Each structure stands twice: as C-alpha cells, then as structure tokens.
Amino acid sequence: MTQGSVLDPTDIRVFPGSSHPDLAAEIAQQLGVPLDTAEVSRFSNDCLYVQLGATARSRAVFIVQTLTPPVSDHLMELLMMIDAARGAAAREVHAIIPYYSFARSDKKDAPRISITARLVADLLQTAGATHVMTMMLHSPQVHGFFSLPIDPLTARGLLESQFHGRDLDGTIVVAPDIGAAKSAARFAGGLHLPTIAADKERLSDTEVRVNPLIRRQVEGYRRAIVYDDEIATGGSIVTLCQFLVEAGIEQISAVCTHGVFTGQAAERLRSVPEITEIITTNTVPISDETRALLPNLTVLSVASIFSEAIRRNYNRESISSLFVFGDDEK
Amino acid sequence: MTQGSVLDPTDIRVFPGSSHPDLAAEIAQQLGVPLDTAEVSRFSNDCLYVQLGATARSRAVFIVQTLTPPVSDHLMELLMMIDAARGAAAREVHAIIPYYSFARSDKKDAPRISITARLVADLLQTAGATHVMTMMLHSPQVHGFFSLPIDPLTARGLLESQFHGRDLDGTIVVAPDIGAAKSAARFAGGLHLPTIAADKERLSDTEVRVNPLIRRQVEGYRRAIVYDDEIATGGSIVTLCQFLVEAGIEQISAVCTHGVFTGQAAERLRSVPEITEIITTNTVPISDETRALLPNLTVLSVASIFSEAIRRNYNRESISSLFVFGDDEK
Amino acid sequence: MTQGSVLDPTDIRVFPGSSHPDLAAEIAQQLGVPLDTAEVSRFSNDCLYVQLGATARSRAVFIVQTLTPPVSDHLMELLMMIDAARGAAAREVHAIIPYYSFARSDKKDAPRISITARLVADLLQTAGATHVMTMMLHSPQVHGFFSLPIDPLTARGLLESQFHGRDLDGTIVVAPDIGAAKSAARFAGGLHLPTIAADKERLSDTEVRVNPLIRRQVEGYRRAIVYDDEIATGGSIVTLCQFLVEAGIEQISAVCTHGVFTGQAAERLRSVPEITEIITTNTVPISDETRALLPNLTVLSVASIFSEAIRRNYNRESISSLFVFGDDEK
Amino acid sequence: MTQGSVLDPTDIRVFPGSSHPDLAAEIAQQLGVPLDTAEVSRFSNDCLYVQLGATARSRAVFIVQTLTPPVSDHLMELLMMIDAARGAAAREVHAIIPYYSFARSDKKDAPRISITARLVADLLQTAGATHVMTMMLHSPQVHGFFSLPIDPLTARGLLESQFHGRDLDGTIVVAPDIGAAKSAARFAGGLHLPTIAADKERLSDTEVRVNPLIRRQVEGYRRAIVYDDEIATGGSIVTLCQFLVEAGIEQISAVCTHGVFTGQAAERLRSVPEITEIITTNTVPISDETRALLPNLTVLSVASIFSEAIRRNYNRESISSLFVFGDDEK
Amino acid sequence: MTQGSVLDPTDIRVFPGSSHPDLAAEIAQQLGVPLDTAEVSRFSNDCLYVQLGATARSRAVFIVQTLTPPVSDHLMELLMMIDAARGAAAREVHAIIPYYSFARSDKKDAPRISITARLVADLLQTAGATHVMTMMLHSPQVHGFFSLPIDPLTARGLLESQFHGRDLDGTIVVAPDIGAAKSAARFAGGLHLPTIAADKERLSDTEVRVNPLIRRQVEGYRRAIVYDDEIATGGSIVTLCQFLVEAGIEQISAVCTHGVFTGQAAERLRSVPEITEIITTNTVPISDETRALLPNLTVLSVASIFSEAIRRNYNRESISSLFVFGDDEK
Amino acid sequence: MTQGSVLDPTDIRVFPGSSHPDLAAEIAQQLGVPLDTAEVSRFSNDCLYVQLGATARSRAVFIVQTLTPPVSDHLMELLMMIDAARGAAAREVHAIIPYYSFARSDKKDAPRISITARLVADLLQTAGATHVMTMMLHSPQVHGFFSLPIDPLTARGLLESQFHGRDLDGTIVVAPDIGAAKSAARFAGGLHLPTIAADKERLSDTEVRVNPLIRRQVEGYRRAIVYDDEIATGGSIVTLCQFLVEAGIEQISAVCTHGVFTGQAAERLRSVPEITEIITTNTVPISDETRALLPNLTVLSVASIFSEAIRRNYNRESISSLFVFGDDEK
C-alpha cells in the first residue's frame, strides 16, 4: 500500500449494524480508521430505534450489516442507519452487506409472489444508499436488480488458497446443483481439478433428491470438494454427501462462502464422518455453539477483501480484480 | 346501505397479513366479500416468503396488516405483499394498517437518527402501495409524511359511545401529557366533561415523572377518564393513575385506541385497584393472556370503521365523516 | 370464451411496430378488434418518425414489437410509439415484446459493461409503458429487472403438442447447456422423456466446445430432441448435433422458442442431415429465404397465446396458467 | 476558528433573494465571502424573471430567502433561483430559509386541504435544492416532510442570553398555548424559571380565548416572559397578556423567534403598557415603521447562527450543537 | 351531442381557482355539471389556505386557473388545489390553464436563468396533476416541457370566424414578429389573405423597433389585421401599428388570443385611431375598466372550446380537431 | 491557460463512441489526457455489446458520441456506455453530443407523435448521464427538455472567423427560413452585413417552395451567405440558391454548423456553380467521398470548443462565453 493510498480517518465513518460487529471492527482496523458506534434499541412497541454515534456530515459513510437472522430486524436496522446517515448530510452512504440473503428470491417461480431481491434493492435506494458492496450473490443476475452501483465481491481466491500445496490427486469438485455448476467449474479450474454438477431436485425448502446418474460420474475418484454458495440447514449438502459416499468417495471437503448453519446444520454435517473438513468465511457470524459442534470447521475472514475494496473505491482504484466476473457468482 | 353501494366481490381482494387475521376476516365479512388467503413462510435462512392466494389482476387489493410485534417482520411481510400485488398487476393496492406503530418516530429529537415514520411511508410507496388507511396517528403531522393518499381514521366515536348514558358526575378527563391534550379535549367535549393535561416528563422509554401541579387541578373530582392514544408497557399511565389516586381520585377509566400491552402492562394495570375499567380497540390483537389478566378490559372492534371506509372509498363517497379532522389525532 | 369476455373494440388499440406486422395482425384478429396502423418513416438525418394512426385517448393501447434486427431501430421505434401513446393520453400502454433479445445481457460477466436487459426495462418505463408481455426470457431473473408488471409467457405447451401422439421410443431430450437444463427438463417431463444437459463452453459469441462426457450420457438412445430458448447463428446447436451424431444419435429434432436464424444459420442446420426437423415459433418473423432453405422447418404461431393473455388481462382473469412458473424460462 | 476552517471564497456563492438582502449580506460578511447578486424583475405579464449574478458551475451555492409577504412571490423567486443554479451546474444548492412560514400548514385539520408544508418541501426538491437550512419550525415533525437533508437551527440560546445577569426573581415563563409548551419549558429551564402553558382556544386566524384557569397558575408571580415561535397579528399574544395583567402580572417580556408583525401587530403590542419589552430576531426583516412604533423592540441577528452552520457544514463539522434537539422546536 | 356523450355529474368535479371564476362557471355550465367551490384565504403570515368544497374521492377533478396577475399567488393556489385533490384521493387531476403565462420563459437567452416554463411544468406534476389543458402556447416546443399528457388548444377558428362574411379586399395579415409568422400565416390562409411578418427588434420588455423594410411590404394595402398570441402592455403592437399607418394602412384590426392588457395597454391602443377594433378571448379575464376604455373591444369566450375538450376527453373521443397542429401555436 | 487549470489525467476518462472517434481523439489531445477505448460489438442476435476500456470509478467520465446515421445504434451505444460508466461507479457522466439530431422532433405538429427530442433527453437521464454538452440545437427551447444541466455551445464564432478580412461588399446574409432568421441575424451582425429570411414552405421532408418575394429583397446584392443550422439532403438549400441566382446573386457561400450531407447532398450542391464555397464543422464526420465530391468544402474543427468547455467545466470556470445566449441557436 503506497503513501498515496492512506485513507483520511476524518473523512470516513464505519458504523456497525448489530448483525456482525466483529467483522465491522476487523474491516475498520484494516482500513486504519476507528470503528464508530451505532446505538440500537427498541421502543416498548417493538419498533427499532437507531442512532449513529459520530458526525456523518459530508463524509463517506460505510455501514456494515449482514442479513442474517433475524433478517427483517437486520434489514430494518440497516435501512434506518442509511436514512439517518443521509439525514445527517453524509456525502456518500455505502451499504456493506456481506451476505445478501434475499438473493434467493430472484425470480417468480410461483404466481403472486414478490421478487424480494429486487424489492430490497429498491428499498435500500429509497432509504438513501448510494453504493452497495456484497459477496457471492446467489445468481449473477441479482446484480441487475440494483439501480445503484454495486460491487459483488468474491471469496473464491480465499477459499481456493486453502487447497494450495495439498495433494489433490483423485479429487473431483462437485457442484450440488446445476445452478452452482459454473461457479464450481471456475473454482475447480483454479486448482486444475475436474468438476461435475449434481442434478438435485428440490422437494421442499429443506429436502432434496439427487439424480442417481452422479454415481457414474464420480467413478474413479476418492476425494470430493463440494462447492456451494451457502450452507443453511445443511440438508441438501448432507444428502449429496451421503450419495457421494455410497458412490465410493472416501473424503469430502465441504466449501461454501456463506456458512449460515441454521437449525440442525451442525449436527447433520457431523453425521457424515467422511466430511473431514468444512471451510467457510465469516460473511455470516459463526456461533460458538456451531464451532464447538464442528471442530473441523475453518472460518476464513473476508475482512481484508472488503477493506481492500473500500480502500480502492475511496482511492478511485479499480476493484474489478476483486471479483472475477461471471464466476464469483453462481 | 343502499343498493347502489353493494361491492363487487369479484373486483375486490382482501388479503390478511399474519399480524391480525381476525380483524381482516371481520372486515371482509362486513364488506360482504370473501377473505382471501396469503401464505407466509420462511426460508431456512430466515428470509420471509409470501404468496397471495387469489388473482389480483386489475383488481382493488386491500392488505390488512397491523404493525405489532414482531414489527420488522410484519412490516417486511406487508412490503412483500404489496410488491406481489403490484407485480400481479393489481389496479390499486391499499395498505390497511390499523396501528402504525412507527408514528412515534416522527421527529429528530436527537442527532443522527432516522425519522422512521417518514422512512416507512416512503418504503410503502416504493413497494407499490397506492393508498393507506390507518387509525389515530401519534401526531397529526405524520399524515404529511405520506406522498400517497392516506386516510387516518378515528375510533373516538366508538370509545365515546361507551360512556353514553352513564352518570358522569364528578368526572374529569385527563390527558397523560401535553401532546395528548388536544385529542383528550375533544373526547371530553363530546361528553361535556372538563379536561386537564398532566405535565409528564419522560425519563426513559418506560419511566416518567408527573408534575405535582396536577394535584391542584383535579381537586374536587372523584372520577377520572385517562385518555391516551396507546398503552404499551403501561408504565406511564400507571404512574399517572397512582398520582391521581393520591390526589383524591377514587375511580379511573383508562381509555386508549391502541392497546399494545407489552411486557408487564397487564400486571401494572392490575396493581392499581382504582382503575376499574380499561377500554381499548382491536387495532392491536389482544392476547388471551392479557384478557385473562385484565377481566375489566373492554375491547371494541374497529372493523366496522375500516369496512365502512373501504366501502365508501370504493363507491367514491366521502369518508371525511369517519375522521373528525384535527381531533381524532393527538 | 363466454359472452362476458368479449372485448370492447372501441376501448382497445392494437398498433403494430414495423418488426412483425403479421403477428400483430394475427393477434388483433384473434382478439376480434381491428388492427390499427402506425406510420414509421425517417427524417433525412436518419432519425425515426412515428405516428399512431388512431385515437389513443383513455384507451388500453397494445403495441406489438419484437426486438429483432435491426434491434436498435426496433427498440427506438417501440419507445417512440409508447411515448406517443402516453402523450395522446392513453389509459394504459402495454408493450407486447415476443422476443426480448436484450435478455442475454443479464449480468456483469466483464467489468464496465451495461446490464442492458435492465437498462432497456428502465427505458421502457421512462417512455411510458405501464405493462409488458413477453415470452421465454433468457433467464427467469430478468423478470426482476422490470419495475412494471410483466407477464413472461411460455410456448412450451405449443412446442410440446407437436410431439403428442408420436412414437418417442429411444428418445432423449438434450439441453444444449446447463443454463437451459431446467427448462428442457420440464419439457421432457411433459413428454415423459429423460433429459440431459450438455456441458458447453462458449469460446466466443458463435463458437462453443462440447464436453465429451455427453457421449456416455446419450449411450443407448437413437433420437434426440434438442431444446433451447433461441437459435441465432446456429453455430452452437450444430456443433452439439454433430457431437450427438458421433455419439450414435440417428435423428434429431431441434426445438426452440425464438428462431432468430441469423447469418449462416439455415445453411449450418442443413449441413447435418440427421436434423430431420426444426420446430420454432413466430416470436421472430421467419424470412422466406430461411423457409426455402429449411423445408423441414415448422413455425408455430404464438398469436393465440398473446391474444389469450391480452384478453384475460383485459377481463381481469388470471393468466398464470399461460406461464408455468419457473419452467417456461431457462 | 482554526486556520483549517477558512472558507474558499471562489468555491462558494451566496445569492440573496429579494426578501431579506440585509441578512444575506450579514451572513456573507461573517463567512468572509463576497455577497453575489441576483437580478429579480417581472415581465409585463407579471411572471418573475431571475438571473444569478455570478458563475455557479461546480460551486456550493447558498440562496438566502425568507418566506415573508408576499409569500408566493418569494417562494416562486426561490424556486427559480434554485432551478437557475442547478441549470448552471452548481455542485450543491442550499436553500437558507430563516422563516419557513408554510410550516403552519402541517396537518389536515379539515377535509380536502393541502398539507402545504409538505408540498413546498417537495417543490424545493423538484426545483433542485440539495439541502435546506431553516430556523424554529412550527412543529418538529415538519422536519420529516423533507426528503432532503435539512438543518432546523434554533435561536433559543440567542434569546436566552438577553436575560443572563438580570434579576429574574418572581418571574414565570408562559407558553401561549399547549403546542409551545415544550419549547418554552426548555427556555425556562435554561434560566431556572418555572413555566406554564396557557390553554388557548383559537376562534379564528386572529382571535383566541384563554382558559381562565391560568389565573390560578400565575398567582404569586409579578413578572412574565411570554415565549412563542412567532408573533404575526399579535392578536393572541395581546389577549394573553391582558389576561396575565388582570391576573396580577405587572411586567411582561414578549419573546419570539419570528417577528412577523403584520396588520395592527405593533399597535396592539403598544396597547398593553405592561409589555415592557419585545425581543425577537431578524429571521423576518423588521420594517422601520414597526421599529418606530415599538421603541422597546430588540432585534437580535441570527446571521452568526446561519453563517456558523454554513461554515461547519462546508468544513464537514457537526452542527448539532446549533440545534438543541427536540426543544428548539415547539 | 349524442346520448352516449352525456357526462356523469357525480363523477366530475369542476373547481374554480380565484383567477377566473366566470370562465370556470361557464365551462361547468356547458358541461352540464355543477360548479363546485373552493375556499381560498390567507393566514396572517400571508401564506395561502385552500379548501376544496366537494368530495373528490375517485373522481375526475378539473381545476380551472389561468395564470394572470398576481401570477405567483395564482400558481401557488393552483398547486395547492391540485395537492388537495390528490390528497383527497381524486382519480384524475386535470389542470385547466387557459393562459400559461410562464411559456415566455422557454429558453436560456442569458446565462444563469431559469427556464421557468419547464420548471412550472415539473411543479405541476410534483403537486399531483395528471393532465393539463391550455391554449396557444408562446412556442410549440413548450409542449415538450411537460411529462404529463397536455392538450394545447387553439382559438384560431374562433378568431377567424369574426371575419367571415366581411369584405376583406385590400387586407393583409401582419405578424408582429418572426416568431408569430407561422401562426399568422395559417390564420391568413384560412381567410385567403396574404401575410407578412414585421422584423421587430426588442429593445426592452416594453420597447421595440420595427425594421423599416416593412414599409415596402405593405405597399398597396389599405387594411391590416395584426395577429399575435398576446397583448400585454400594448407597447410593441402600438409601435407596429403606428408604423403601418405611416406606411399607408388606414384601418387595423388587432387580434390576439391572450388579452392581458397590463399597465397603459388600453390607453396606448386608444391612441391609434386607425385601430378600429380589437378582438381577443377570455383566457384572461378582462376588467371593466379595460372594457370601458376600449369600446371597440370584442371578447370571445373560449369556454365552449375547453368544455368540448373536457367532454371529449372524458368520453375518450379524439380532441385533435380542437387544435390544428403546428399552427395554433407560434 | 494558467498552471491551476491543468487537468488531472488520472481523474478524467474520455471514451469515444463509434460515431466519431476522430473528434473524440482531438478533444482528448487538446485536453492533454489520453483517449480511452470502448469496445463495441454485436451479439449474433444484433444486440449491441459495449465495454469501457478503463476504470471509471469515482472519475469524471466524458463520452463523445454524435448522433449521426445509424442514429438508433449510436443512441443505444451511448445509453449503454453511460449505463456502464454509472454501474462502474463513475463520479460524473458527461454525454458530449456534438450533433443532437433528435432536436428536430421538438413539437407536436401532428397528432399522436412523439416529441422525441424530449424523450431522448429523458432516456439519457434514465441511463445515468449527469451532464450534457451539445452544439447548435435546432431550437433554443430544446434546452428546456433536459432536466440535467446542459451546455449548448455555439460554432458561430468559428464560422464567422472565416469571413474576417474578406471584402464583403455587396454581400447579404440569407436565412433559409423564418426559424433560422434570428441566428442568421446575429451572424450577419457580427460581420456588419444586412440579413433577410426566405419564406420557405416545406412540401415534404426534402422538398420546399420559396416565396417569390425574396427576389425583391435581394435586389442590388451580388453575393450571399446562406446560413443554416444543418444541411442534410441539401434539397432545400439548393432550391433557395437557385432562386437567389435567378434573382441576380452571382456568388454564394453556404454556411452551416452540422454538415450531415445525406443522400445526393454533395451532387446537389455541385449542381449550382454559383455556390463557390461550403463551410461547415465536424460535429458530423465528413466522409472522404463527400470531401472528394466537394472540393470547395471547408470543415472547421469544433474540438477546441468542446475541449475548452470541458476544461472550464472541470475547473469550475464559467463557460457562458462559449455560447452567445439566444443567438447561437435558431
């Protein structure tokens, strides 16, 4: 980092939402600016109340909020923080949303539903956001839902680096479904590994069925890296892993950007001994409980990616190297 | 109701949000139209999923959602229902919000906060609402936060009617603070009673201090009707009632439009035996627990007010008689 | 069609853009309303000039324009017709765009490019469109690019009906790439056929390489139905068909919604004798030259689908049965 | 003021509207920048014509216009100046509106009226304003009518300072109505004085009736400071003062932020000899005639408050100390 | 007028602004609907207050306001009426503006001025207008300043009809400047008369100099019809008429759509005895004083044109026959 | 140019559209900044694809695109480049459009047409432009069609300078029609020459008839300078020149800002030997063929005017001296 790229701490504000203060702190620390505070409380009628803890006037404001459970509260809090920053005459209001969970609602696969990923993009603009940074959107088209400039960053390099120097002989990369195939293929390409996509059929939000043809496809491989954008209940990835084990795979690395781990996810992952490691990032905060249940879990920090993107953006440098186009996303 | 005013059930959709299905059903029933359904569920990552259960194309859609706890979820659900109706080519999308809880955030009484009552008004418009109906806003200026046509209805007549025919000798109407004074005065006027406003100082969200001057003001009265827009924790109204009792009041009717009753509200209200009755409406659903704790609670239904307003609006009749301007609100 | 569903011809205007007057005429004819005229000419400086040929005041205006070459002219003409209709005080302005060719630009797979499918959606709204009808979008997320209500219809039923009653023994449905897999699977499902997706790698706009693994997947099948959303230069589908032939397929039906057939498409398709039939629709007008070159081409008309959707929309009936959600699109 | 806070006169433009050139000049002088000119004239058909007298390109433009009679002309002039600055490519356009007279139309207290305080906020944004500075809004909710960042400043400190060092024994602060009570209470608090609110009933725009209960409340006090946001016709304040005199008050200081003094205001104030002084500010220009009629009138300049707010805003410093939240407004 | 074209008086509201109640009444009378009322008053601080006198809910509202002096007040009043109608949930809000005086500010002929004709078009939309009707805009391009549908009607047929049946031998039509030439030529064409345009140079808002070449152009003519869009101070038309008289013209008819007649207009027109008649319309109300000073003044009513346009618009008939395109405007 | 006015090449991006790369290069060269690249290609379905060749993040981006044939493609390309720059987080996006060909569609001279000059102004804003620079609009009112700041520059000084030092005895300036009269008069004024306007009647887009009165007006003159804003097919100017020759003019200079020269323009101009020179600018690129056919054609570069305007705009200097208000435009 050259002299010229040092940030002016008096011109920048980093406010943490309540969803992920640790990541916000890490980002601020890497930027070399103080972490500001935001007081969040509730009225007795349950309405949120948010106050930013430092002058925002004419400054570049960065609000770090990941959209993890309770999602609606975290979104509302984010909208209020953006509104407060705009009302306080901030020059720019950047929403840093490591996990844009609404991205899954990206199409109308039933009549009379909301394409919520688009709706929330509009709400962010209405509240006053001028720029959004996020990571690994569920589908690359979600980018187009935003009228604002948006930078969807990638953690692929970070995840890939975990496998550098390892013996990857007999290893195949498996995308859990066709949607994840492209992204997995790039990941595999970076490691010079072959890749296949499971033909998964979703029976419900938590249940899936795997097309038995995959059995023939993994023939001859001993190890698999299952690569997905997110693990939530763990239901579908575990079903797939069981399938792979039956098909002869002896050792599985489960890799994902967003480790949501809701419900029985940790227990489910523990139930397949062949899953020897789980690698994810901290776009979603990982609870102590999950860490305890999953001793083979590695959590990589995306703070350096976000802080570097913020730094470059502030210094008017290109950040396109931080997201490999068309592949950092499914 | 004349022949001409009958509604066309095929042209109208009434969808209940999950906050208050009973009120929605009652409104639909009084309108003589079926209550449609809306399926609300959650993805495993906690994001809401909403689907309207009937064709909205070119129809007048009414979505009934009151903004009670969990407020952020209920708001998000409402925004998604509005968005879904718009996306399904509804002709008009009416948000029926009996309790607009955000109205309390109506000014900037601290730096760098959000005037959330305005923000939410803008979000409703972004989502696609074309008209809003609500009741008893915390301050009449909140009306001006909406760019959309909005009808703030009043329950004053309903509440007043409970006292018709009673012996009101020696009774005074008490507004719990200066903000509620105007509204209480109109209520008192309708019953030909005198009125005073307590000079309450808010120490925190739940604690208040009453100006001792009120003691002199209630001298000579035996009964009081305490009239407020909402009771949430009950903290401030109970403090006031204790004060009134010390000042010689023997019997108190607590009257409010929005019976939010959070936390220890019911217990607090029970703790003052002089509060012989509590009268509220169903803009907020009252839990069985609260009803059990408060046997002297009367809950009046606002369904007829909303259904009449909807009917008149649909039939292009004036609805201004349903809200006495400048008095139905504090 | 019941008595009640008859359209009022004085309340409806159907204007054809210059891209596909035949389809517009067919739609109007099926609606039972006259086809109105639109004069399109050019100033000497090449700027377009458009005049609608019938009063639009307070009417429901339907403009039929498919976005075929010259695409920019056809888009500009459409925007001007929409603007003219709005300026003439039309009540509603519906853009009927059978082939929304911009849908391919739906993500940022390189830095500093335009997500043009979103840009054009915004331009349509700026010009004054109030509703859009289209068919088989390249990806279902494109739906979310529109702030307007949009109905993406499907031709799948139409295409499927061509195979009813045929002997489909030994037939497999092949999606030319992973993106088309879901859509092909539903098509296959309707015919109770198995389906596979070729793993195609795009080398350039016209060149692709097929993953050799497909060879093993089609083993044992004699006939293939290749199912895609569009055929433009024919380059990639022909490469795939050659591959299939080498893998033992003896007879191929090429099926697509949008038969764009640009450049050497017809010649290329002729060059593979095993392609015994090509089935497409008239979302794009098929030139006489193409028809002459491809005697085995069947062109199905989508006019009935659009006219039925318009009729139902006008009569406030649900049209969701006209698009099978999540499958009519890739 | 540190070296760093010196303004760049080439980057700032201060244009005076025709309503209050003296205040504009004073503000510019305190900022250390030249006062630019704006030519205002009228076409023969009465339409205004406005030309800014200095290049605005990429500069921060401050337009000083107070909304005094003729209000519509002054508003129109302001909108045209804003539009001209935007059209001349100004970087920021700040509307400095010391007296936002429309703030009184802040609610719908009758059917089918305009909430004009909201309408004008929208008009300012349509014309191109990017920021508004004003003083002592009639109600704090008016803040929420603006989508733009707005700084409502307070003159309370200035007014309070007039009483520092005086013997205030036997003095009570009187708010002329319940709406002004909070604001008066803070003013009183700053001077360690008790406060009461008159219960005034407005009979018409100029006539009021005072609740006789006030008599008991001022018992024992000799001097009163009547504190209001504005004095227009003087009708209601004089009625109140007469009441106070009858109740035993011997000496009255009338204090207000906005000294509008229309119609017979000066004569009315002269008619009560116990009103020994009137203290106001120059948010509204005071005519020589009024000054002559009211020798006991003190006019404090708010120029330093506005210039300091502009300076801090320009230098990205917090200006929240310039407005005590929730109390500088009624 | 056929049976089918009768208006539904319960669905229509005609509200008069204070600028021209007579014209509003005449329009309502010709439409066969009652004239509704609008109360306009002023607060003591000079801000306007407007209340519509009849329910607007879901109705088509027509507000008749011509932008004559005091222009700013009349504009503000119009904006508030529009806002009130929108807030009262009107279905459509039509602004009927017979004389759009701002049309003269249609270009930037000096730096840093406002193109006010565009600004006001935007303000009307911000306030909530959905459609505008006006007459004889100063330049036809002003049409394009409106995003809303706008119908600029023409009074040319009305004015022309005054000359039918007259002996027009030796008569020439004179446009007072090049800008009015086209419009005058069409007027002349309708009467089969020759036309010339004076080359007038504007020295100030009220003074002009006529190019002496006109002398040769009118050689051989005895009578002239001077045709302009508006007469304000009369300065320029009188200068021209004096010139024509010197050049040998013996008798002049002065014809204009907008008879603004400000300042000394009547006196000036009286001062040229050869001006034997003045023909105008009532887009601007003509004062009794002006009528008294100008006994040879004929005022034609445009009420029938506006009422016919409203009627056709309401009944979805074309109104283009009411404005001859490209000629009813200069 | 002072030291202070040097531009920062790292803060500026100049991207050429495909319509006029030479002019873009010349502008960049005169600004002392590199010319960046933009890759423009086409998908096989004819949709354009555009990629900007250099980081735009937080920079001032200037896109140079003149709207010459193929106009629709060039417009679409411009809109996509603007959108790409905005999406890449540019600080400002300036559209430099030397020839805004749509300006001719500036009014509704027929029913149900688009005022396309306004529509395109709106499309530019929708795509994300923040400022427009253009030259010699067809009518000055077109300025008002833009909500964005727009600078319409003039080439009059450049064109005028060609006649400095020449013997202009016996020369008259001729405007080809009344619309061009004002502009020609200013040009004539600068050279101290008399001016007349031909009374041209347009029979079709390419054919006109000249009023024979011009014969008397040019009596006594030997040389004429015909001055217009653009020459497209050359039809009308050649008709006029033939007329002038018949009326005794011996030598003609044809002068225009926009040398569009479509169809047979060059041949037509050659056919009148008295047209001894044609002077135009390079707002439109002149083909080699046209240059070969017209050896007496002089093409002046407007690059210095645009680069100076860009430089001043960037340095916050006034650029009003670059456009003489009200005369650089017809």
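For reference, chains read A, B, C, D, E and F in written order, and residue numbers begin at 1 within each chain.
Simple rule for what comes next: contacts are C-beta pairs under 8 Å (C-beta built on N, C-alpha and C of every residue); 3 or more make two chains touch, one makes a residue touch a chain.
Given the structure is predicted, the values throughout are model-derived calculations rather than measurements.
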Third chains touching both subunit D and subunit B: A, E
Chains in simultaneous contact with subunit D and subunit F: A, E
Chain whose mean Cα position lies farthest from subunit B: F
Pair from D-F, E-F or A-F with over half of its contact pairs in common with B-D: E-F
Length of the line joining the C-alpha centres of subunit C and subunit F, rounded to whole Å: 40
Subunit B and subunit E, separation of their C-alpha mean positions in angstrom: 50
Two or more partner chains touched - positions in subunit A: 55, 87-88, 108, 110-112, 115, 122, 318, 320
Full enumeration of touching chain pairs: A-B, A-C, A-D, A-F, B-C, B-D, B-E, C-E, C-F, D-E, D-F, E-F
Residue ranges of subunit C touching subunit F (in the complex, touch as defined): 41, 43-56, 67-73, 75-76, 79-81, 83-85, 87-88, 101-102, 104-105, 108, 110-116, 119, 122-123, 126-127, 205-206, 230, 232-233, 235, 260, 262-263
Of all residues in subunit F, those that touch subunit A in their complex: 10-11, 55, 57-59, 86-89
Touching residues (chain side subunit E, partner subunit C) in the complex: 131, 149-151, 312-313, 316-320
Sites on subunit C touched by subunit A in the complex: 106-112, 115, 117-118, 122, 139-145, 147, 178, 181-182, 197, 199, 213, 216-217, 318, 320, 325-326, 329
